[in-house]
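One chain, chain A, links the two complexes that follow: it is found with chain B in the first and with chain C in the second.
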Partner chain A sequence: MFESIKRYSTFIDRTNPLTKIVAAICLFIAVVLIHDPNHLFHLSLWMLLLFLVMSGIELKYQALLIAVTVLTGLVSSAYMILYGEGDTTLFEFGLVHITEESIVRGLHITMRGLTLSFFGSLIIFTTRLTDVFYSMMQQAKVKPKYAYSFMASIRMLPVIVNEFITLRRARKVRRSLISRKHIGGLRGFTSTVVILLSQSIRRAHRLAVAMESKGFDDGARTYYRQTRFSGYDVCFIALIAVGLIASYYSGQWITPFGTSDAR
Partner chain B sequence: MEVVNMALQFRGAHDPLFTDMNLQIEKGEKVLIVGPSGSGKSTLLNILSGLMPRVIDALLEADHMDLPDGGAVVFQDPDSQFTMPTIGEELAFIMENNQVHIDDMTSNALSALEAVGLRKPLETQISSLSGGMKQKLAIASALLQKADTFFLDEPTSMLDENTACSLWEMIQEVWEERTVVIVEHRVEHVWFRVDRIILLNDEGCIVASATPSEMLSDNREALDALGVWHPHSWQNAPRFTKSTDNGAPLLQINDLSINRVGSELLSVDDLHIPKGQWITLEGENGSGKSSFMMAVMKLMQTRGEVIFEDRPIRKTKQFQGALYPVFQNPELQFITNSVFDEVFINLEMHHDESAAEKKTGQVLSRMGLSHIKRLHPLEISTGQKRRLSVATALGGIPQIIFLDEPTFGLDARHTFKLLELIHELVEDGTTIIMITHDKEIKERYPSRRLKIHNGMLEEVGGGV
Partner chain C sequence: MKKRKALTLTDVLVTVVVSLVFAVIYSVWGAFYTALKPLGIHLNELVYGMWFIAPVVVYLIIRKPGVALIAEFAAASAETIVLLQFDVMLIIYGLIQGLACELVFAIVRYKSTALMVAVSAGTAAALSTLPLDWYYGYLAHLETWNLILMAGFRILSGAVVAGWLAHILYRALLETGVLKLLGQYKEIEKEA
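== the complex of A and B ==
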């Protein structure tokens, strides 16, 4: 999907998608359990480094993605920073009450978000969607019936979006001719849903018939793309583990935050 | 393959679609099935290919049925017959189903692509292919199924003239010893390539079965009466005298420029459109014909000026329905739950209720839609949907109607009816701008032809 913006591929591109999913879940739990902002600071830097080096996408997209992630991270923690509780007041104006504790807490949340976003982006840019399903069938023994249905439905999404755009345009034309009640509010919403659904159901039915006519069933089959667990998976897990351990130790030596507990 | 005394009825339907159907197709024979819309051509194909009732539910009875197992089917809609995102994965999907060994997959896929003349890398996204290439891919898929029977369900109905012609040439090259059953209503390029043609009538009965030339010489009346396309159909087309006088200027377009993904798709320097003209707009697939329609309607971002009746237009609503588009897929234009309401809501704003109802009745009967006015707009036939979307335009009394491929998928009967209607509208002073691929329409009817060539809008036979 992202071939057009890839500059190079790394061993993470060849890591099994299932490993990545499991690693993501573990990382999520670990990040939620880390309460020392110093540890988290180093971990988020590690993930940033991994994203920059290993995702292999063009620099301008990396820059854009980092900018957006940092910005949304800061915005999402703004509430906590501005109205937080704490003893050491830095600034107070009306309802706004900024304390040292609230800043630390806010930034802690931001870094959690950044760590997971950088890791998530790394995975997204190094994984082909179809490989996720191939590996689910081969390693996780998901039934082909479900896996291929998902792949087919993903192909349908852009078609539905296009239909929605056309429908909106058609309504824009008719809006000046008819009473607002027909396309506004609940009625407009219902007719939009009915039309889009009827199109999609018919298309899905046609596709289902086409799939069956091509001999698709839930029985034995071979696989065009073989996915397996390999040394790459071990390396990948090692990378994450090294990051977690290293950030724990470096977080004790280099401490940008004065506290070891953000709670 | 053979069926004897076959009867079929859809669950919930009042009457059976087929009764006492008898059909025999020899091994290696190439057969074309034609008939008016609703005659059950596609259903018959689904039965012969074994999809009905195995995959598509229906009540089927027969004294004897001898059908091939595992025939390969090519469907009409290129967008709803592929499962996977890339060419390689799609072809592999079929081989996976047949448990082909992984080492043979790539070479098999490449030779199938070579056979159909689709020279693209296996990693190519299917969504980036044109309609013609998608149908080639569908044929390549059929080849990989190693079937000895091909079932082709209107494979060229969504393609333009040249693409359709070259696709049939290619299909003829690959069909070899196989039995081939084709359902198609655009027959000009396939008619003389087959061994036998079977004609169905409105009731789903076989009325004739003959070689292509005998069908034309002996059954011409039946073909014409049923409104089925055949190579000489256009001899029955309505003839009108072209109006040559130009009415008052209506629409003016200056320095219009349409961009798509960063680069310029189409530019229009200076175009004047007067009242009461029949204009056709032609150009290859993807050259920007539909985008031009959207741009003039101000439904997409463009640079340049659109002036309607001396007023510069910046927003769609400034047209107030005076310029009205009919999209290729009319279903997306419908809003209400009945054919009647669809027209009525345009009129209720301008007339009192009884007058609006009366006028709605008039518009519907003019369009030949009175008998179905209580039905839901989504349950009527393709031809009726197209006419209904023109009818919704008439409620607002448009001065210019934009039609995007209005005759697409219509049989001869409905095409000629629609052309007559368009002629009436032009006579009444409405300007028609019609996007069309149909050579016959382009040559017979318009008072003016526009063409998109190399990203420029040009006048056919004279400068813009």
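== the complex of A and C ==
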């Protein structure tokens, strides 16, 4: 999917998608349990480094992605920075009450987001989407019914998006002919969604009939692409584990934050 | 309508494709949601309910065990594909919200399509992720008025958007007649 913007591939491209998903869930749990902002700061740097080195996509896309991620990360914790509890007041205006504690806590929440986003970006640029479903069927024993439904449906995504665009254009042309309440607001929203939904249900039904008539079932089958666990998976897990542990120790050394507990 | 409780291929496909439509909507909605964030007074929570409308709509049109969970999981994971952002949090949240809806639907034994069922499912989904947010976002350390505002907005949004709006969408879909494909003749006659 991203071949056009990739410069090189790394061993992470050959890591089993299932390993990545399990690692992602573990990382999420770890991130929620880390309360030391210094530890998290180094962990997010580690993830940034991994993303820069291992994703292998072109620099300008990396830069763009990082900028968007940092911006949304900061916006997401605005509530904590502006209205968090704390004793050392830095700025107060009306309801806004910025304290040292709330800034640290807000940045901590931002870094949680960043750690997960950088890791997520690394995954998305190194994983072939179909392989996710193949490994789900082969290693996690998910029923083909579900996995192939996902795979077939995802192919419909461009159709849905196109339909949405066509619909908008059609409305634009007929703008002066139809009542305004059918364009904007709730009526406009529901009519758009209902059209998209009903067309999609028809398509899904047709697809199901076609698949069933060709004898699709949950029985034994062979796969076009084989996925398996290998030494790459061990390396990948090691990479994450080293990051988690090393960032803890480097967090004791270099401390950009004065406190060791964001709470 | 034949009583078949196990999910058929048609059920799964319809569930996933409908969720995909919502995934596209979620992605558009995401920009809107983020734009409401910077003020910090949780205006974004007012539109939060959109994120678990998929399981409610899918339940209303299929009404079988498991569809709500699959729907929300599919919608959340497809959203990460549309946005080109693999976000674990999104998927975990999706699973929890799907489970919360599933629980409400299990209580009514997957039969009722009443508005109240949709509204309570939306509310349950809104409540379900608050504990996780509590830890993730350090909500305990937020000023109390702000916290109440956030929880209130979110529950309201869950009930109105995921419940009421989902029900409107369902009734509109019934009128189009497309649900005949899924064997829902009875309801149409009743409506007419």
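Descriptive notes on the structure:
Definition applied: the second predicted complex is superposed on the first by the 242 of 263 C-alpha atoms of A that agree within 3 Å, B and C clash if a C-alpha of one lies under 4 Å from a C-alpha of the other, contacts with A are read in each partner's own complex, and residues count from 1 in each chain.
Here is the rule we go by: a contact is a pair of C-beta atoms (placed from the backbone, for glycine too) under 8 Å apart; a residue touches a chain by one contact, two chains touch by 3 or more.
Because the structure is predicted, anything quoted here is derived from the model rather than measured.
In the superposed model, A:214 lies in contact with chain B only, and not with chain C.
Once the two complexes are overlaid on the shared chain, A:152 sits against chain B and chain C alike.
In the superposition on chain A, A:53 makes contact with neither chain B nor chain C. When both complexes are overlaid on chain A, the residue A:108 reaches chain C alone and has no touch with chain B. By the touch criterion defined above, A:198 reaches both chain B and chain C. Of the two partner chains, neither chain B nor chain C is touched by A:238. Shared-chain residue A:90: touches no atom of chain B or chain C.
Touch counts on chain A: comparing chain C and chain B, the chain ahead is C.
Of the two partner chains placed around the shared chain by superposition, chain C is the only one that A:72 touches, whereas chain B remains out of contact.
In the superposition on chain A, contact of A:183 is made with chain B only, not with chain C.
Shared interface residues of chain A, touching chain B in one complex and chain C in the other, are 129, 152, 154, 191, 194, 198, 203-204, 207-209, 211-212, 216. Within the complex, the chain B residues that touch chain A are 49, 51, 54-56, 70, 72-73, 75, 77, 79-86, 88-89, 92-102, 105, 123, 126-127, 141, 145, 294, 297, 299, 316-317, 319-321, 324-325, 327, 329, 331-337, 345-346, 348-349, 378, 392, 395-396. Within the complex, the chain A residues that touch chain C are 24-25, 27-28, 32, 72, 75-86, 95-97, 101-102, 105, 108-109, 112, 116-117, 119-121, 123-124, 127, 129, 145-146, 149-150, 152-154, 156-157, 160-161, 164, 186, 190-191, 193-194, 196-198, 200-205, 207-209, 211-212, 216, 262-263.
Within the complex, the chain C residues that touch chain A are 7-10, 12-18, 20-21, 23-25, 34, 37-42, 57, 61, 70, 74, 78, 80-82, 84-89, 92, 132, 135-138, 141-143, 146, 150, 165, 168-169, 172-173, 176, 178-179, 181-182.
On chain A, the positions that touch chain B within their shared complex are 1, 3, 129-130, 148, 151-152, 154-155, 158-159, 163, 166-167, 169-179, 182-183, 188, 191, 194-195, 198-199, 203-204, 206-217, 220-226.
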